[in-house]
Structures are given as structure tokens and as C-alpha cells.
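Input: structures, listed below.
In the two assemblies presented below, chain A is common to both, partnered first by chain B and then by chain C.
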Partner chain A sequence: MENTKIRVALAGNPNVGKTTLFNAITGSRQHVGNWPGVTVEKKTGIRSYRGYDIEVTDLPGTYSLTAYSLDEIVARDYIIEEKPDIVIQIIDASNLERNLYLTTQLMELETEMIIALNMCDLALERGDKLYIDRMQEILAAPIVQTVASRDIGINELLDRVIEQKYNDKYHGREIGYGDIIESKVLEIEKILLTDPELSKRYPLRWMSIKLLEGDRNVRTKVGKSHVSAAINELLASIDQEEYEADIADKRYVAINAIFPQMCTRCNVRMTKSDMIDRVLTNKYLGIPIFLALMWGAFELTFAFATPFTDMIERIFLWLAVNVTSRLEPEWLASLIGDGIIGGVGAVLTFVPNIFILFFLLSLLEGSGYLARAAFIMDRLMYKIGMHGKSFIPLLMGFGCNVPAIMATRSIEDEKDRLITILVVPFVSCGARLPIYILLAGAFFGRQAGTVVFFMYVLGIVVAVISAKLLRSTIVKGKPAPFIMEMPPYRVPTLRTSIVHMWDNGAMYIKKAGTLILIGVVIIWLLASFPWGIEYGSEESYVGMMGHFFAPLLEPLGFDWKMTVALVFGLVAKEIVVASMGVLYGAGDSPEALTASLLADPAVTALSALSLMVFSLLYMPCVATLGVIKKETGSWKWTAFALAYGIAVAWIMAFFVYQGGKLLGY
Partner chain B sequence: MSEITLDTLKPGDLARITKMRVKGPARRKLFDMGMVAGSEIELVRTAPLGDPIEFQIKGYHLSIRKEEASQIFVQKIE
Partner chain C sequence: MSNRGKMLFALFMGCGYILIGTIQIITGILQVVSGDTGSSYMTAVAGALFIPPDIVAGMILMLIGCVFIYGVSEIHSGVREGIAYVYVGILLSLIFAGIYMLAATGDFLEAHLLNSEDYINWSVIDALRPEIYMGVLSLLTYLKWKGSFELKKS
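After this line comes the complex of A and B, so read on.
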């Protein structure tokens, strides 16, 4: 027998635990973090429960059904247009008053609703008294208490979902807006009623209220109807700003009237969080602490990983020596030794760094510090023409640029968002890290750490200067107002951090085993042919290719092997290291890549530095370009990102190399 | 009692909103976030560089820039 399907949407304010609940219900591992705006796309999962297939959709958070940013539009459109059977509003029990504001609007949609009162642990811990029965009566919707982060209340919630499916129409109670507004609502409803199409699709009362509020989206919906002239005339005759203020006001008045019956002793301050903030956002300490945290995270990424990377390097060396020397025929030994172990191995060596990097980023996201970073940095960001919120994608970019660019969806203003998308690729992602460790480690000895840190700083500096440039040339204007909720600090859950680290680490390994492997085999083939040449020599196809591009890159100090590495690195930056592994690792006695690099007279400390700078900046990888296209919706901007990156990289590397030579290095 | 703007409060000061004069898209957003006339609001802290400002309103923390705060009128609650 076919299971009955129930479509459920998870709606609610940002950062109330929707995704945590979604993961708990469906067993998924979607990204969770303690700042508003983590989820920017809808995600669907299915849970079979008591003979039902419950299709759950996790939505981005929204404060109101009038949407401002792209992620909010996704949420609103889903609720209004896709008409799920049941909407579960997740409410943060420790932040009831503001969460109810969305409830008042959801009720006007006249869909079946269940309320999941999440974060009950926090509310109870600080001594709130919640009156669930009373709340249920007032809101006329079933209420389930949950602690999503500890899987509490999930089954009860699913039971309610099934019950609700068979309930007779059981609407929540809508609030009243007072004589003046209500009489206008009636007038508009009457006009709308003459269009049966509209009245079939959307609740009329909701539409009327939204029109009075000046909701542009509803206005376009009506704009296509024959009633639009009458509506426009009516709306032109009123002072919209007054109505807008009045409606919001009436909603909060209604909440004020019911709120004290649902909860007493609420609104106690989060004292622990306040104490932490007194230090972390302190007038004098705030910025030094931020810098110290960044430096600390950077140090940990390397220091912690070193013993592990050394070990992995030794394993590959051992493999190269012992396995390949016994392999026959010779070409197979070369493919496995020079190609796969040399190339893929070079990438895999840095897996520990990637794991630590993502673990630390997850701690940053889970603690609530990201919102503080935006708060601390907004002033500086504003000066360079960026929005404080843009700081969050920039920091996320240290992991991977792709989700960082997606995260810009929660930036309301189009121009603020465009600038952020265009500069995120300069933030040094995890895939670039192996290049620095390899080259800095080989050529800069004890200064290696400083050199790598300099690369990270350079990425940020270039991003910032580019933003300033864009603001004063192509994307003119001022950053939009900064309006941001500051969530209380939370102890990041170990489970979330480990999942985040593992999923991203696994992705890196998988990429090494697929895309990078293919790239490596191609490079090896090109390095081995035509027949009869010496492997990896200038007569090989890669050699020819390198020489073809070399004139362009010669002023930057790159020999043909580096040139080849950079060309293949266009696909994914890990390939830069992989192809160096393939090309430099070649030789009779397999030795560590570091040693072969040092032995090669064409590679000097200066050209290595220049190569690092160039790899950092030269181009967003293919995946990043794809997401830039998707998020800007424009080939023009995608091409711009590509061309601009290459130009900046060339100029910077030129200055580093030629400047260094002038200084006598 | 005299009307002052939100940005002139000191940390720890409690006030009641009387008029919200912010224009543009931010206006709606601020309403949604609870910045309506009659709401109690407390200035919690200023960012290290002097802007934005963090407030407590409706039981949660919200930060906005001085520019917007200077267009929100309040009455101090002693």
C-alpha cells in the first residue's frame, strides 16, 4: 500500500532552530549555525512515520511575510505559492514576543498550522514560566515543546502533524486591526472578490492587508488582474506610510495583549551572553580580540596539522619507493608513482589542515561570534563601501568560496550583495592552502608561517580594495542600513562541528579521488608523450604547452612547469599542487616534493612567493564561477570576475617578482 | 518629558519609542523587528568603532547604525 503523503513546511524567524529540527526529523545533515541567515535555499527531506510519508521542507528564516532579501523571498514564495498541507512555525521560546509577529501573519494565510516551541531548554533554564495550554487556546493551534538540538519533542510533533491532517478546518485566530484599517480591508476585499481567479488562489483578507502595507509582491500579483486599476486608485487615496506603521503597530499591540497570558517572567536578560559580550565587543578589546582569534585559528590550522601531514607525507613516500619500484611495466610504475601518488598524494597530504580549518570555522559559526564580527566590523566595512553583513560571507570564504557566495543571499541590498559576490573569490579558501604550505614550507623555512599569514592578509586586502574600487566606479551608491539581530552566545554542539568538519573534509578527499585524479592522469599523459621522450621533459606535450603560455607569465618568474600547473589549476586550485607533484616529483630517485622543488634551479624563493600570490588571486575556480553566474544571473559579471581576477593577479605577482629582483633577492 | 533620538541614549538607558521616522525599505524592516511606537528599548552597547549600536527590544538584541537611530524618537524612562 502506498503511504499517504503529507507536505509540511518549516517556517519561522531566522536562527530559531528550523534546520536543527529539519535534521532531527529527516536525519539530514544540513548546515546549522548560530547566526541569522544560515539557510538560504529551501531543502526537502522525507520521513516515514506511522505509515505516512511526511515531506518536510526547511526554509530560510524570515521575520515577516513581506520579504526583503532573496532568502526571505524563497521562504515566503514557498509558503504562499506552493501551499504546503501544514506549516510548522518554529518559535524560539526564549524570544517569544518578536516570534509571534510572524505568527500573526501566518494565521492570515489560513493554512493549517502547528507551533513548535523550540529552545524550551533555554527558556526554562532562565526561569521563564510558559503556559502552554493557554497559548494553545489563544492561538488556536496545536503547540509542541521541542529542544531540536537534543531531539526532544520530535515524535510528538510528528503525531500532531498526522492528527492535523485529518482535522476539520481548524484555523488560527486572526487579529483585528481597528476600525480604520478594517474598513479599508473590507473595501479592498470587495474589489478583489470580483476576480475569481485571485480569490481562489489567495486569502482575500491577507491580500488586502498586504496591499495596505504596501507589499510590492502582492501588488504585482494583483497587477495582472483586471481589478488592478480599482485597487491602485484606492491605494493612491490613502497615506500608505501611516497604514504601514499602523498595521505593524496593531500587530504588536495584539501580541502585547496576549503575551502576558502565555509567559510570565519572560524577557529576562541573557546574562551570560551579556557578560561574554562585555569582553568580546569591548570598546578597547573588541578589535584586538578579533585579530587574536583570527591569528589563533590560523596558527591552529597549521600547528595542529603538522604531525599528521608529516605522517601522511611519509606514507606516500614509502608507497612511492616500495610499491612503484616493484611495478612492471615501467609506464605503469610512472603513472602510479609520478602521476597518482605524486599528484593526488600531494593534495591528500593536506587533509588534516582542511579538517581543522572546517572544524574551527564551525566553532566560529556555532558560537554566535560571526554576528559580533559583523557588528564590530560594520564601521570599517561601511568606510570601504561594504555592508557589515558582508563580513560573514568573507569569513566563510576561508573554508570554501562557493557556500560563501551563496550566503550573500541574506544581504538585502542588491548592490551590497553584488560587491560581496565579486570580492569573495579573493578570500583564500581551503583549496589554496596546500599551495602555500608546500611552497612556503620549502623556501621560507622558519618564516613559513609568516609568509602564509601574509597570503591570507593579502587576500583580504585585495578584496577590500576591490570593493572600494567597485563602489567608486561601476557599482556606485552607499551601503544599505545595517539591521541585524544579535543571537545569544551558545556552546557549539560537538555533533554539528564534527559533521561540518567531516562533510567538508570528505568532500575534499572525494575531489582528490575524482576531479584531481582525472586532472593528474591527463597531465601525466601529456607529460609522457609523444613517444620516446623523457618523462616530464620540455619535449613532452605539457612542455610544449608550458612554453606556449610561458611568455605571458615569464615576467612573474614562472618556468614552464609552474605555468602548466597554473593552467590546469583553472579547474580547481588543488590541481596546482597536484600538477607540481606530477611534474617536479619526476626523476629516478623518488624524493619528497619539497626536496625536488629546492633542487630545481628554476624555482627560487622569490618565484615561489610570486607563484603563491598569483595562485591566491588569479581566478575563481570553475565551481565558484558557476555560483557567481547563478547568483548574479549575469554572464557579464561572471566574465568580469574572471578577467578582473587574472588582471589583479598578474599585476600583483609582477610587483612581487620584479620588485623582489630589484631589491636583490 | 522631552523627545530625544535613540542615538543620544547612554548604555543602560531605558526609553520608549514615540516616532519612527526612518524612510525607505529599512522602515518596514524596523517595524517588523519591533521598532514600533510604544516599545521599550534599552541601549546595550556601542560597537568598538562607535557604530553600530546594540539595543535590547522585545526581549532580544538588535543592532542598527547611528544614522537610523537618529531618526527614531524616544522618551526616556527614568
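After this line comes the complex of A and C, so read on.
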């Protein structure tokens, strides 16, 4: 027998734990982060439970159901168009009052609703009292207490879902908006009723209220109907802005009336979180402390990983020596030894660094500190012409620029969003880390961690300055004002951090085995032909290619091998390291890549630094360009991102190299 | 008067961190300028206190010191919430002690597991640096005062 299917949607404010709950129910591993706006697309998963297939959809977080930004529209449209059987609203119990605003709107959608009172642990820890029975009565919906991050209350929630499925009479409550508004609502409802198509599909009361609020999205829905003329006439006769404000007001009045009956807040203690906040948001100390902690993260990424990277390097060296000396014919030995082991090996050597850095970033993220940093920077960012919300995509860019650019969907204003998309690629992603580790480790010894830290800082600084530049030239205008919401400090869960680290590390390894491997083979082929030349010499095809482009990059201190590496790095930045592995490793006796770099007179500490700067800034990788095209929908802006990136990289590297030479390095 | 105790402790830690940080920055600059630290009076002090020359690390020590001192000045002028600075100062001091302990673990593995050439002369003493011993001081104090950092809101 087929299982009965129940479709459930998870709705709620941002950062209340929707994705955590989704993961707990379905066993998936969607990204969870301690800041608002992590999920921007809906995700679906299935859980079989007691003979039912429960199909769960995780929606982006929204404060209300107006349709101001893309993620709000995604969430709302899912509920009203796809009509899930049950909507679970996840409420942050430690922040009940604000979460109720969304509840009042969800109730108007006339769907079956269950409330998951999440983060009960935090509310109780603080000493709040929650009156669940009374809450159930007032909201006329079943309430389940959960702690999603520790899998508490999940089964009870699923039981309620099944119960509610058969308890099918909708019996929600609604807010009264007062005589004046209510009479208008009735009038509109009457008009809408004459279109059976509309009245079958949408809750009419909700639609009428939205029309009074001036919701454009709903107006287009009505626009196709034959009633639209009558509606327009009616709406033209009222002051819409006044109605919109009035309706919002009435909702707050209702919340203020019901909130005290549901919960008493205990608010007398200065918690550890308050104490930490007081210091970290200090005018003078806040930013230095942030920088210090980031520096610490890079120092550790470097220092703690060294023995592990050394170990991996030795294994590959051993392989190169032993496997290749036994392989016949010679070309195969060279393909495996110089090409694959040299190139892919060089990339894999830095797996420990990647793992450690992502673990640390995930700790910072999960604790809520990164988002606090955004708050500290908010005023600064505004002055610079960047929207405060832009900081979150910038931070996500540390992992990979692609999801970071997608995260800009939570930015409402088109101009703000465009600027953010264009500057995100300057933020140093995980793929660039191996380049720094290789070069800084080889040329800067104990200071390597500091050098890597400054690369990341440089990325952010260039991004921010570019935003300012764009604001005052091509994308003129002021950023929309914005009040950043501060997520609370939480002890980051080890599980989330490990999952985050593992997912990013695995992605890196997978890329090394696919894209990078293909790249390496191509470079090896180009380095071995035309027939009869010495492998990797200047007469080979890569040599010719390098010499062709070299004049462009010579002022930056790059020899032809670096040039080739950069050209191939256009596809993915890990390939820069891989192709250096293929090209510099070439020689009679294989030695570690670091050693051959140090031995090559063409590479100095200064040219290494210049190479790091150039790799950081030059052109986003192909995948990022693809997502820029997709999100801006414009080839013009994509081409701009590419050209601008290369120009900035060239200029910066030029200053580093020529400036360094002037100073006598 | 436990706040008085905390204030004295913060004063001591603050001065200590700032002093050590200063020495570390100066020896760091000396090293960059002249290539080696030579055998000045300063380097003798630095050596005795296990302070490696390192400009950035020195700046961070000074920062931790400033956090403590900021707390002292707040408590001194009657702001009870100044305790928060002492608390965060201790946390920072523990975090950086942790970072260098892990770094030392890395060095230890290099020296004893991999027998790397660069680490032949490495001994546990080389791992000792101000971040670590100051961190131990913080840890002991924190354990002693653990419960007393929560404050009633005024």
C-alpha cells in the first residue's frame, strides 16, 4: 500500500531554526548559520513516519508576508499557490513578541497551522515563563515545544502533523481591524466573490487586506480578472498609505494585547552574552578585537596544519619517486609523476588547511560573532555607500563566492544588490587559500599566517572601496536605510561546525579529482608537445603560450610559468597551484614543490607576494561568472565584473611589485 | 568587595600584557630593520620572558591589555558593568593561549612524529610564550571566580 503523503511547509522569521528543524526531520544537511537570511531558496525533503510520507519544505525566513524582497515572495507564493496541507510556523521562544507579527499574517492565509516553539532551551535558561495552554487557546493552533539543535520535540511535532491532517476543519483566528477597515474589506470581498476562479484559489479576506495594503504582487494576481476594474476604482477612492499603516498598527495592538497572556519575561540579569556584547560593540575596541580573532584563525590554520600538510607532501613525493621509476613507457611515467601527482598532489596537500579554516569560520559563524561584526561595521558600511545587509554575502564569500552571490537575494533594493554582486568576487574564497599557503609558506616562514590574514583583509578592503567607487560613478544613489538585526550569541554546535567543515572539505577534494585533474592533464599535454622537446621547457606549447602572454604580466614580476598558471586559473583558482605543481616540479629529481619554488631564481618573495595579490583579485572563476550572469540577468554586468577584476588585480599587483622593488626588496 | 579584587587582577593583567606586547613589538621591529635581534638589553629581557620577536602578535597582546585596562577604568569610575571587560579580557587571553597551544602541538608533531629537519632542535621550552603563561594565569583566576561574573541588571 502506498503511504499517504502530507505536505508540510516550514515558515518563520529569519534565524529561528527552520533549517535546523528541517535537517532534524529529514536528515539532510542544508546550511545552517547563526544569522538572518541564510536560506534564500526553498528546499524540499521527505521523511517517512508511522506510515506517512511527510514532505517538508524549508522556506526562507521572513518577518512578514509583504512582498518586498525576493525571499519573501518565495515563501509567500509557496504557501498560497502550492497550498501545503499544513504550515508549521517556527517561533523563536526567546523572541516571542516579534515572531507573533508573522503569526497574525499566516493566520489570514487560512491554512492548517501548527506552531513549533523552538529555542525553548534559551527562553528557559533566561528564566522566561511560557504559558503553553493559554497560547494554544489564543492562537487556536496546536503548539509543540522544540529544541531543534538537539533533536528535542521532533517526534511530537510529527505526531501533531498527522493528527492535524485529519482534524481538517480550519478553525484559525483572525484579527479584527476595526469598523472602517473591516467594512472596506467586506466590500472588496464581495467584488472578488464574483470571480469564481479567484475565490476558489485564494483566501478572500487575506486578498482584500493585501489589496488595501497596496500589495503589488496581489494586485497583479487580480489584474487578470474581470473584477480588476471595480477593484481599482475602489482602491483609487481611498488613501492607501493610511490604510497600510493602520492595518500594521492594528496587528501590533493585537500582539500587545495577547503577548502578556502567553509569557512573562525575566529580564533582570546581565547574561554572559550581554557582557560580551558590551565589549565587542565598544566604539574603540570592537573592530581591533574582530581583526585580532580573524588573525588568530589564520595563524592557527597555518600552524596547526603544517605537520599534516608535510605528511601529505611526503606521501606524494614518495609516490612520485617510486611509482614513476617503475612505470613504462616514459611518457606514462611523466603523465603520472609530473602531471597528476605533481598537479593534483599539490592541490590535495592543502586539504588540512581547508578543513581547519572552515571549521574555525563555522565556529565564528555559529557563535553569532560574524554577524555581530556586521553590526559593528554597519555604520561604516553605510557611509561607504554599501547596504548593511551586504556584509553577510561578503562573509559567506569566504567559503565560496557562488552561494554568496545567491545570498544577495535578501537585499531588496536592486542597486544595493547589484553593487554587492559585483564586489563579492573580491572576497577571498577557499579556492584561493592554497595559493597563499603555498607561496606564503615557502617565502615568509613564521610570518606566513600574518601574510595570509592580510590577503583576506585586502580582499575585503578592495571590495568595500569598489562599492564606494561604483556608488559614486556607475550605480549612483544612496543605499536604502536598514536596521541590522543582531543574532544572539550561542554556543556553536559541534555537529554544525563539523558538517560545515566536512562539506567544504569534501567539495574541495571532489573538485581536485574532477575539474583540477582534467586541467592538469591538459596542461601536461601542452607541456609535453610538440613532439621531441624537453618536458615543460620554453619550447613546449605552454612555453609558447606563457611567452605570448608574458609581456602583459612581466611588470608584475611573473615569469612565463606563473603566467601559464594564471591563465589556466581562470577556470578555477585551485588550478593556479595545480599548474605550478605540474610546471615547477619538472626536473630530474622530484622534490617538494616548495623546495623547487625556492630554488627557482625567477621566483622571489616579492614576486610571490605580487602573485598572491593578483590571484586574489583577478577575474572571478567561471562558476562565479555564471552565477553573476544568472543573478543580474545581464551580459553587460558580467563582462564588467570580469574586466574590472582583471584591471584592479593588475594595478594592485603592479604597485606591490614595483613598489617593493623601489624599496629595495 | 569582590569587584575590588577583580579590578586589581585586571590592572595587573592589563599592565603585564601591555608591557610584554611592547617588548615584542620593539624586538620585532629590530629584527625587521637589522635582520637579527642582536644582543641588546631589550633582547635579553625578551629572552628571559620567552618573548619571540613578532610585531603582529605584540599588537594583539597590547590589545588584550587595553581591554583589561578599559575595564579597570570603568570599574574605577563606578560603572559596575566594567566587569564585562574583565570577563572578555580573560576570554581573549584564553583564546590566544589555546591558539598557541595548538600551534605548539603542530610543532611537536613535526619534531617527534615526522622528524623534520627544521625542527631537530625543537624542545617544549620553545613552545612557551607569553600568550601561554599569561593564559594559564587567566584560567586559574577564571576558575576561582567562575560563578561571580553574572550581574544583576541595575
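Observations
One rule holds in what follows: the second predicted complex is superposed on the first by the 640 of 665 C-alpha atoms of A that agree within 3 Å, B and C clash if a C-alpha of one lies under 4 Å from a C-alpha of the other, contacts with A are read in each partner's own complex, and residues count from 1 in each chain.
In the analysis below, a residue touches a chain if its C-beta (ideal position, glycine included) is under 8 Å from a C-beta of that chain, and two chains touch if they have at least 3 such contacts.
Quick caveat: nothing in here was measured; it's all calculated off a predicted structure.
Once chain A of one complex is fitted onto chain A of the other, the partner contacts of A:L300 are limited to chain C, with no touch recorded for chain B. When the shared chain is aligned, chain B and chain C each come close enough to touch A:N282. Looking at the superposition, the partner that touches the larger set of chain A residues, chain B or chain C, turns out to be B.
Judged by the touch definition given at the top, the superposed model places A:D249 against chain B, while chain C stays out of reach. Once chain A of one complex is fitted onto chain A of the other, the partner contacts of A:S64 are limited to chain B, with no touch recorded for chain C. Once the two complexes are laid over each other on the shared chain, residue contacts for A:A229 go to neither chain B nor chain C. Common to the chain B and chain C interfaces on chain A are residues 267, 269, 274, 278, 282, 285. On the side of chain C, the complex with chain A involves touching residues 54, 56, 60, 63, 66-67, 70, 81, 83-85, 87-88, 91-92, 95-96, 99, 102-103, 105-107, 109-110, 113-114, 116, 149-153. Here chain A touches chain B in the complex through residues 63-64, 66, 68, 94-98, 101, 213-214, 241, 244-245, 248-249, 252-253, 266-267, 269, 274, 277-278, 281-287, 375-376, 378-380, 382, 388, 412, 480-488, going by the rule given at the top. Across the interface of their complex, chain C is touched by residues 267-272, 274-276, 278-280, 282, 285, 288-289, 292-293, 295-296, 299-300, 303-307, 310-311, 314, 446, 450 of chain A. The touching residues of chain B, counted against chain A in their complex, run 20, 22, 24-34, 36-39, 44-52, 54, 56, 58-65, 67-68.
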